[in-house]
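The structures come next, written out as structure tokens.
Both complexes below contain subunit A, partnered by subunit B and then by subunit C.
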Partner chain A sequence: MVILGEVRTSLLHNSLPLPRDAVADLLSLRPGRQVTATDRPINRTVSPETVIGVDCAIASEPRVRARGIGTVAAHAVVVGGLVAQASARVRLEWTADRERKPWAHYARRRGVVEVLGGVTAEQVLAGYHRPGRQADTMDLGAVCQRLLTQVQGRPQLDHRTGLRTRPTSLRWTAVAREDERPSVRLHIDDEVQRTLQVVVPPDLLGEAARFCEDLALHDWLYTALGNVVGQAERDMAIGADPMGVLNAALSLLVRLWMPGAHVDLALRPLWQELETTPGFTESWDRQVAWMRDQVSMRTLSALQEARH
Partner chain B sequence: MSSLDTPVYTEATAKPEPRQVALSHLSVEVGHLYMEDLLGGEERIRTQFRRVAPWLTAVRQAQAVELGGVKPRISTCFLIDDYFRPDTDPSVIVPQLLDIAAECGIQIDYLAREAGCHEAERVPLAEVTAAMLLPEPPVGTTGSRPPVQDSGWLCNGERSPDNTGRQAMMPAVAWAPAEEFGKRNHSIFLDVELWKDQTVTVDGVRRVERKWSCPFLAAVWQLVRLGQLRYAGEPVAQPQPWSGSWPRHWRDLPAVVQLSERPQPFSAYRTASILPKTYLKIEHAVTVILDHLDLDDAVVAQTARRAEAEGLRLPAQLTDRVAHVFIEPAESRAERAW
Partner chain C sequence: MLVFASSDKGGTGRSVTSCNIAFHLAQRDDVAYLDFDFGSPTAGAIFDIPRAERGIERDGLHTYFTDGITDPRHLDVWHATDRADLRGANVRAGRLSFYPGEMGGAEFAISDTATTRCAELLTRLDQEYSVCVVDLSAGRSTALEMVLAATAQPMMRAITTRWLVFHRWTRQHIVAAHGLVYGERGIVEIGASAGHDPEALRDAIRFVRIAVPNLKEHNPGQTAAQATWLFTYDEELRKLAVDKRLGKSRVLGMTPVEPVLQYREQLISDSDVSTKIANHATVEAFRELAARLSDDAVWEGM
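Right, the complex of A and B next:
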């Protein structure tokens, strides 16, 4: 069993973190459907699932003729009233059918795409992780981007941000394997694109999406903080005041760092692997400490100057 | 037991479970009359109910056979066509209708209003259902473009390529037939109009008003009878008892009125509709609509669990739970007499 997914993460276009009820309102994207929210340790609100139909080629490597028919499931997530994510996924199921069935067959299986043709799971995984998208193949990125644009354009937001950050995109696959320890492989392709491969036991396949969303969030936070440090250093090099950007980052981003807090217990060991290499939290803590040092040193010298 | 089965910490809104509705085994719709028929004299109503009565008995028997020893829970209902004709008087129509039904041996447990399928107790049921639409993707749909929605049309396959209105210098699009997906050898392609948006002027203000089509409201009607609709997890269009005289306006009645005392629940695992054959095409359209919905999976799962707990066999596909009996329409006997 194989799941293909993509998560796009960006700062919510609002000057302040959005309160809990406003977030629920923001993510009420389908009339009558409920938004789900957890408040501890930090608010994480998820929109109702949106579903769209697809019938197209499936990317593979080497390229084999394969057709996918079914539905893509997607939802939007807001964490801490501050970070917006759009997450789309399909679970692939191989079928011996040669033709498309009546739509009801696909419509009642949300987020399942049936694969027609002689392509193997390995070929599909290799095709999905290739940089760039093969023409006319399934486009989860576009589904995410439309959803994110929809959320970011909603009237509940004031469309101003207190921090300059870049959206990131994480393309992931999860494979179910019996009798195998959960494992994870994260690859940073470039400034905005990441690739993630997860292996989990079959009963935990459904939880993989949430782990990937959590990882995408933290990777984005890590990237955003790295950019803040870079900008502060540039500011200091030219004698400009870095306090504004440091304060904004410290007050907005730091409290969101909670790797694995919303992930199923059984999948938290995956985080442990990432904590060993590249050592996410250790590195994050060091950056935060550096930022706090800068702020306190500057506050101190400002106080001393004021006394003279 | 693993740690997954006994969560240490849970929150109220983390996993909203939809509220349950009481379910019969079967909801039977005992005929349907256009408002013109209801206004067209007692004889038309009587003719239809006389034709419905033996089929109602047959449907009850069929349900008993299906359940094998278990006492069937069956409720009956009748839908009033007040969405397209709100200008009629329930205080005249309802008593006459109920008297004739009783005279023909048909007890109507619930009377429902078609306008209630548009909006029931201020819950916009039609809009909620429209938000569940999951149209067929034409071959080649990758997700790159937004799905074509809001056209107000839904089909069961792929439309014939557009060959009209092309510019003089543009190459002609080769004609190809429309195709039904999942067809058996040959296509029976159906394209259903779900709604029509009209610009109306009310008190000098122009606004767009959506007029829902009869098949679309009939699809909502099936969903309500099958107990599949919720609004923010809450049941909708729940039957309300009515005592006293009938009002002059349909809008003063609840969406679903409970008529009999202690009837079996209004919603049911399955529905059967005994209708004049003139409704065949509408019900075909209803089937297409129901086959193109992204239903609330929590409600679907809940219904399946309850059926299993009762030891009932319940088809996974919603439209397989919907049965019809088509009877001779009211007019044809009169026509033959001529």
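Right, the complex of A and C next:
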């Protein structure tokens, strides 16, 4: 069994973190459907699921004619009232059909895409992970982007930018294998694009999406903090004041760091794997410490100057 | 901050000047340059990116507006340019991302969908880049109308938006620039009917005078009669500019006559100056324009 997914992560377009009730309101994208929220250890609110019907080519490597028919399941997530994510996924099921069935058949099975044609799971996985999307094939990124744009345009937001950050996108696949320990492979393709391969036992396949969303969140935080450090160094190099960007990052981003907090216990070992190589939290802590040092040193010298 | 580059006439140096402004801004900030000149995209040539010289083949800004793609392609100018002297010239430079138009693109009909998509794209990029320079085509184009309608939408109200109107230093250009801003179906009028406060919009517009001759420079080939005529006529143009509300307080800056740019529209870097191919004054003018563009004091209401 194979799941393909994509998560796009960006800063919510609001000057300050949004209170939890406002977040619930923000994510009530479908009338009559409830959002789900968890408050401990940090607020995480998930919008009702939307489904999008697809009938399109599926990327594969080497390229084989393959058609996918079914529905993409997508939802939006807001963490800490501050970070917005859009997450789309499909579970692939192979079928011997040669024609499309009535839509009612697909509509019943939310988030399942049936694959027609002689393509293998390996070819689809390789096609999904190849750099640069194949033209005119199923595009989960577009589904994510549309959802994200919808959330970011909602009237609950004041549309003021507290900190300039780059959205990131994480494309993931989860494969179910019996009798195999869960494992994970993260690849940083470029500054904003990541690919992730997860292997889990079949009973945990449904939890994989949550893990990938959590990883996407932390990878985004890590990237955003790195960019802040870069901007601060650039400011310092030309004698400009880096305090604005440092303060914004310290007050907005730092408290969101909680790897694995919202992940199923059985999948937390995956986080431990990533903490060993490439290592996340240790390096995050060091960056935060550097930023705090800069702020305190500058505060100190400003005080001394004021005294003279 | 969003910066819209407009001009009434073609050939005013709008694109080449705004590319150079973006280039200088990107020395310290992340900058995006969007080619909204849908009919004839040229910015790729100015950045010296061969594969985008006349726009790209697919998935550019034109398709974003007409065909519903979510991610128009963009190129990192530092990597994509053929100019070796720009690559790695400043290791601490910000990003300079170029969103090209498309080959064979054309103006398209303005619609509510296009306006909404425009607002979404500009808002999204403003969250990511310190400055987005949007190069509009000459005259009263669909692009101009579309961005005026988009920036009037509630989700864009909080974004700092500045307008530049480029014109050459001739009587016809001054009159035309006046018409584009204050005239019938001009920026202020279209903006007001889209929901902008006309006064605030007027205050967000500055003029850029392009290729202004330096009359104080010694010119041995000039006769006394020529010099007198030039001085008198220059003075007349100044008066005309004030009359047409294009006077000094509304001018962001000016660029001198630059022989290099008369032959080839390109970025003028410090290395072009040190090899004595381009004039130092030209680079200084671009740098000054970039600095004043992001200086809030310059943009205080009148």
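In the analysis below, the second predicted complex is superposed on the first by the 308 of 308 C-alpha atoms of A that agree within 3 Å, B and C clash if a C-alpha of one lies under 4 Å from a C-alpha of the other, contacts with A are read in each partner's own complex, and residues count from 1 in each chain.
Assume contacts are C-beta pairs under 8 Å (C-beta built on N, C-alpha and C of every residue); 3 or more make two chains touch, one makes a residue touch a chain.
Because the structure is a prediction, the values reported are computed rather than measured.
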Check subunit A with both subunit B and subunit C modelled on it and let me know: fit or clash. fit
With subunit A at the apex, the angle to the CA centres of subunit B and subunit C, rounded to a multiple of 10 degrees, reads 100
Between subunit B and subunit C, whom does A:161 touch in the aligned arrangement: first, second, both, or neither? second
Please indicate which partner A:71 is in contact with in the superposed arrangement: first for subunit B, second for subunit C, both, or neither. first
Please indicate which partner A:238 is in contact with in the superposed arrangement: first for subunit B, second for subunit C, both, or neither. second
Considering only touches as defined above, state whether A:206 meets subunit B (first), subunit C (second), both or neither. neither
Return first, second, both or neither, reflecting whether A:142 touches subunit B, subunit C, both chains, or no partner chain. both
Looking only at contacts as defined up top, I'd like to know whether subunit B or subunit C touches more of subunit A. B
Pick one for A:117: touches subunit B only (first), subunit C only (second), both, or neither. neither
Quick one: smallest Cα-Cα gap between subunit B and subunit C in the superposed arrangement, Å? 5
Counting contacts the way the document defines them, which residues of subunit A are shared by the two interfaces, the one with subunit B and the one with subunit C? 142, 146
For subunit C, which residues count as touching subunit A in their complex? 28, 30, 58, 69-71, 92, 94, 120, 123-124, 126-130, 154-159
For the complex, give me every residue of subunit A touching subunit C. 10-11, 13, 135, 141-142, 145-146, 149, 152-153, 155, 157-161, 164-167, 233-235, 237-238, 240
So, in the complex, the side of subunit B touching subunit A is made of residues 2-4, 9, 11, 13-16, 123-124, 127-128, 131, 134-147, 156, 181-182, 229-233, 290-297, 300, 316-319
Can you list the subunit A residues touching subunit B in their complex? 30-34, 36-40, 49, 51-57, 71-72, 88, 99-105, 107-108, 110, 136-140, 142-143, 146, 264-266
